[in-house]
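You will see subunit A twice below: alongside subunit B first, and alongside subunit C after that.
Right, the complex of A and B next:
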């Protein structure tokens, strides 16, 4: 079987199997049976209603950041700043959430979600403008704005927003009407999960079925070819960057309104970065992002329960995620390399010529 | 059978790449002191069979004999030891190094390199083979023709007796071609054997003692070099060909030119001036050919007219509408059709043929807020039929052959009934069939009253299609003539930058 012919699902499954083979080593070192550990990571969380709902809870923010990253990447805009955009969305939600107490949820929630989306988009605007106007690499600028956003959060929490009652560096609790309702009694699964699924569905429709989505994909696949065909690539990139930032901002809203009910310093344990993993594992497609987010949520819950049941460090979950990302990227790269090589017509390549010519002597 | 064995003989060479048969039982030989041309369309397997002879790739079946003795050639090292040298289309020279250093590279053993010795040897070789190059010159400062001489010298200085040249004239101006042929004739008189790979009939006839024609990986036949063009061409394509030629009737000169360029200046990729004071006009129903060696501003001219490059000064009008600095979308609204030299980069390889055909006017293919997949498909099927594209609507463009990619671009442009067509190197790399088709399509647009600006490095093509010609050199127009009055020798001088002195 040739790698160049592998379909994406086959490739991802292969990456998972290779990952399990590689991470068997550290698991054995940690003193556990790898098979048992994988069962605990992947299968156990799906076997009870409580853990299953927790899987979906932990999938919610990374499904949103994954969608945010995937949209930007599809346009060829390398937004590494979902983390900072998420935090700005959270700041906006925590601020608006305390002000909308007098409104019914049907008004309060859309205002808060919209505000969070604007916050995330605003944080994405500067790097996008720098890229489009001056060609400044957005990988660097979006990444560097992440710690700035975290400083902003901590500045607020240690300054004007410090909780006046407890004195903890946490913002005041948002109004009850601004809290995301639970989807199921006595579970933590909240409206944010439905919101994430709706955004995934809308994003899929926009990308796959509308002229704007086709322009975005064209710009990502070949900026030169897209520009040549009359597509305004700068405007497309700018739009993709802002939509990406807005969705990441909504991830921040979802965590504030659905889980914490206030702004806290530990709101996001790197959901923006995990979004990059989710987008990559989901091969930048929206259904893929949804599945990858749930799978990583499954691993996260599984790793913490395995820590209790098998006595292995819960960080092994992060090790598995990291190795999985690397194997997936490696297999994607190999497939890409193979398929472009087999396309190159008249036998051999320029590099082949030079390499062979350099051989004697 | 002659009593002397051929210098190089290939027997029953077959080569498969997966399902593709590149060579199928090819027999070929070259005698001492002869030029034997290997003629065929792109993808006929010419280069592959010679890469096998030079050890760059291994045959699936067949054997190689040198001076009648079977030789195993598994690498270029083996080939060089057997006295075989090859100059590929992409030179394998280290550009920042001098000629002498490049010549020494393949020969030196061990760590030490005596530069004075290397320079002396290079000068010796240059004298001995009558190939003039300065051993102390840096390769990157040399013209392409001079670099090719270095490559030939490199092969000869490794005691090569059989020299394989892969499309050696593709990069040369007419004068350089003459110089190359003179060099080859004198080397052959001294006993060198030359394999000359080409798809250009005139050159093959000019230099070859014998011609072998390949078609779809198989040897069609071996004929004397005196065989006429028509017969060689029909061996190549497997059927009689007709030359596509502009009708000789002059186009009715229109009152005002459709495309007018005045005092256009533009910079190139490195911000250096690439176009200086270019003025020209193209009338309705006229093809204006732009001749010149590549790199003299043609790319920038086409980019400006495509909306991909902003000129620094000057004016471009179509029907008196100013378009200098317009973006691609505005150029298209002004009904300027654009077919640039880099056809792969002008399409989106990972998208389907249908999407690529619709991409320039997506707004015509929407129903409500969404893409009307049905009408995109019907549109594609119609154009695939009309422009004879050998592909399905859902095939990614990157999987198509060069000829079919060009037809997709042609279909996208010509189906919109353009007033002006900017077209660059339209048939480069295409086989005879696709070339004829593309040329006839361009002439059809001319008959329909479009103004065509045709940039090409192929003088034959320009002479066959253009009503008038301009020659560009270093970003300026250095000559203009009607095709009827054109003198090929003079055009060659102008292209080489020697117009004024001559």
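Right, the complex of A and C next:
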């Protein structure tokens, strides 16, 4: 198999290298050596069992939000609201988790996960309906619902769910049977990681091997063409939006049941937005999302250890994420332009910009 | 009466960053580019303005720094969407993530998590001071006067009446025709995005330099997204966008004042805080149905 200079793995690695070259600037300003810094970001977390497991812990929520975003983007539905949908899933999990104490885990966990998925899907429903019924841009409505979801969390934590004893803005601890069990003793790696891998595998199968997946991809590549081929594009978009919201909701469940064991105000440091980085870096494919999530988890753990060892503020992690997103999407666009130089760019290519890169070829 | 005067004064004050942001986003979108980098551009403007004013003691230098940062942010957005032809949604989100990260990174380096630093807020000027109690409505920061009396009319004139504005609208509606008529599409979009970026950054700097006199994390808190919604609500017209900003700000200012009224105090105030966002979504649902987007919205332009 010949590897072209513009094949996806080469392109992604190039994006990472360009990103590192650009972010060397702020690292030097912070008074550190960029080479040492990148070694600390990328390599150091992989060198001990403890940090390796922590990488997987921090990859878990963004693997789920990445899958959620990728599914929506593949359909040409610009769900930028995974952050809010995640928070609704977390609220549902924190509520249900305190009520299922009498049930064995085999019942408690599916009820809680299902409730979180419903919560995320419910938060995704209004923008999706406004889009397919009235043509109202989902980008704005999904974005605006993110701060609303955060206000809902804070309203609950400062109101009805405030800890009655300590007065802390934290919800009551969920029941033991609703907590995700640890996968490995004395580590924080929990059932959520397996759940994320299973969801990735199922989503990959559905997208690649079923008629519903074909309709979804067709709608994303060319809504006009899909409509011409007899596909109900509105229904496809609605379905993609709800599945996307449900998976983002499960990310919230995973953080509540696997890490926090309760609802807290700082539950998500922007996992929904990081999901967009993961989805794009993974070129909207499910295996790509899994790898990209683990890579960004590696960077996150690396950035927090570099903050301690090298004195680089850990906020550099967000800078790297932003620049990585920009370089990846720029390289994808340049490649697309090279391959379709004569394409005048119809409506389909608008969403196809990212989605087309995901086609096997 | 005092309640009403106070409410209207707050409405003008809180609308100011939204007016700058909405006008800036209108320029971007009329040229055919949805700039979701607005949230990050406002954030970076707020931080750069504050840090420069703190370091130099001059709010005017702070404002100048914010404008430079805004122009730079607009240029990066143009590089992504015009030169590379990259996806506009993803580019904008990437710009926002990167700029918020960079601002917080610099904030950490400069202020090292120490106690909250302050700058002297810009002074309040009132050309209508002789009107007694009602005149207090016009106790406003200079940047608010500039927004309503200078920026809005000038931006409207430039976009609707000047030949440069015609070029912006042309490359946003039909870049092929504009190109055939001799308009440099790429250059026009770069300029529109850089002007828009400067305005967004001034909106952010208004919050740190005038409204608060300090910089805190999450200082923009979704105002940029609100501006994107207001542009659609205003159907890409500057005047209607400004009216939308005033309406949003009225609801926003009202909910703050409702909290201290009897009967409302028992509601969790977060519910009231969410009200303006829900109102703007509701307004979009009513007024934004099947609106006519700029013809070349989201489409990169390449000569064939």
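FYI, the second predicted complex is superposed on the first by the 336 of 361 C-alpha atoms of A that agree within 3 Å, B and C clash if a C-alpha of one lies under 4 Å from a C-alpha of the other, contacts with A are read in each partner's own complex, and residues count from 1 in each chain.
The definition used in the following text is that contacts are C-beta pairs under 8 Å (C-beta built on N, C-alpha and C of every residue); 3 or more make two chains touch, one makes a residue touch a chain.
Worth saying up front: this structure is predicted, and the values here are computed from it rather than measured.
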Contacts of A:228 with subunit B and subunit C, given as first, second, both or neither: first
Dominant toucher of subunit A (residue count), subunit B or subunit C: C
Partner chain in contact with A:217 - subunit B first, subunit C second, else both or neither: first
First (subunit B), second (subunit C), both or neither touched by A:28: neither
Contacts of A:273 with subunit B and subunit C, given as first, second, both or neither: second
Contacts of A:202 with subunit B and subunit C, given as first, second, both or neither: neither
Subunit B versus subunit C as contact partner of A:334, first or second or both or neither: second
Partner chain(s) touched by A:43 [first = subunit B, second = subunit C, both, neither]: neither
Shared contact residues on subunit A - subunit B and subunit C: 342, 345, 350, 353-354
Footprint of subunit A on subunit B - complex, ascending: 15, 17-18, 22, 42-43, 47-48, 51, 55-57, 75-77, 80, 88, 90, 92, 105-109, 306, 308, 327-329, 332, 338, 340, 345-351, 355, 359-360, 362-363, 365-366, 369-371, 398-399, 401-402
Touch list for subunit A against partner subunit B, complex: 209-211, 214-215, 217-218, 221-222, 224-232, 342-343, 345-348, 350, 352-354, 356-361
Subunit A partner contacts - residues on subunit C that touch it in the complex: 34, 36, 40, 76, 80, 84-87, 89-91, 93-102, 104-105, 107-109, 221-222, 225-226, 228-229, 232, 268-271, 273-274, 277-278, 280-281, 284-285, 288-291, 298-300, 302, 304
Residue ranges of subunit A touching subunit C (in the complex, touch as defined): 26, 29-30, 78, 80, 126, 130, 134-137, 139-141, 143-148, 151-152, 154-155, 158-159, 270, 273, 276-277, 280, 313, 315-326, 329-330, 332-334, 336-337, 342, 344-345, 350, 353-354
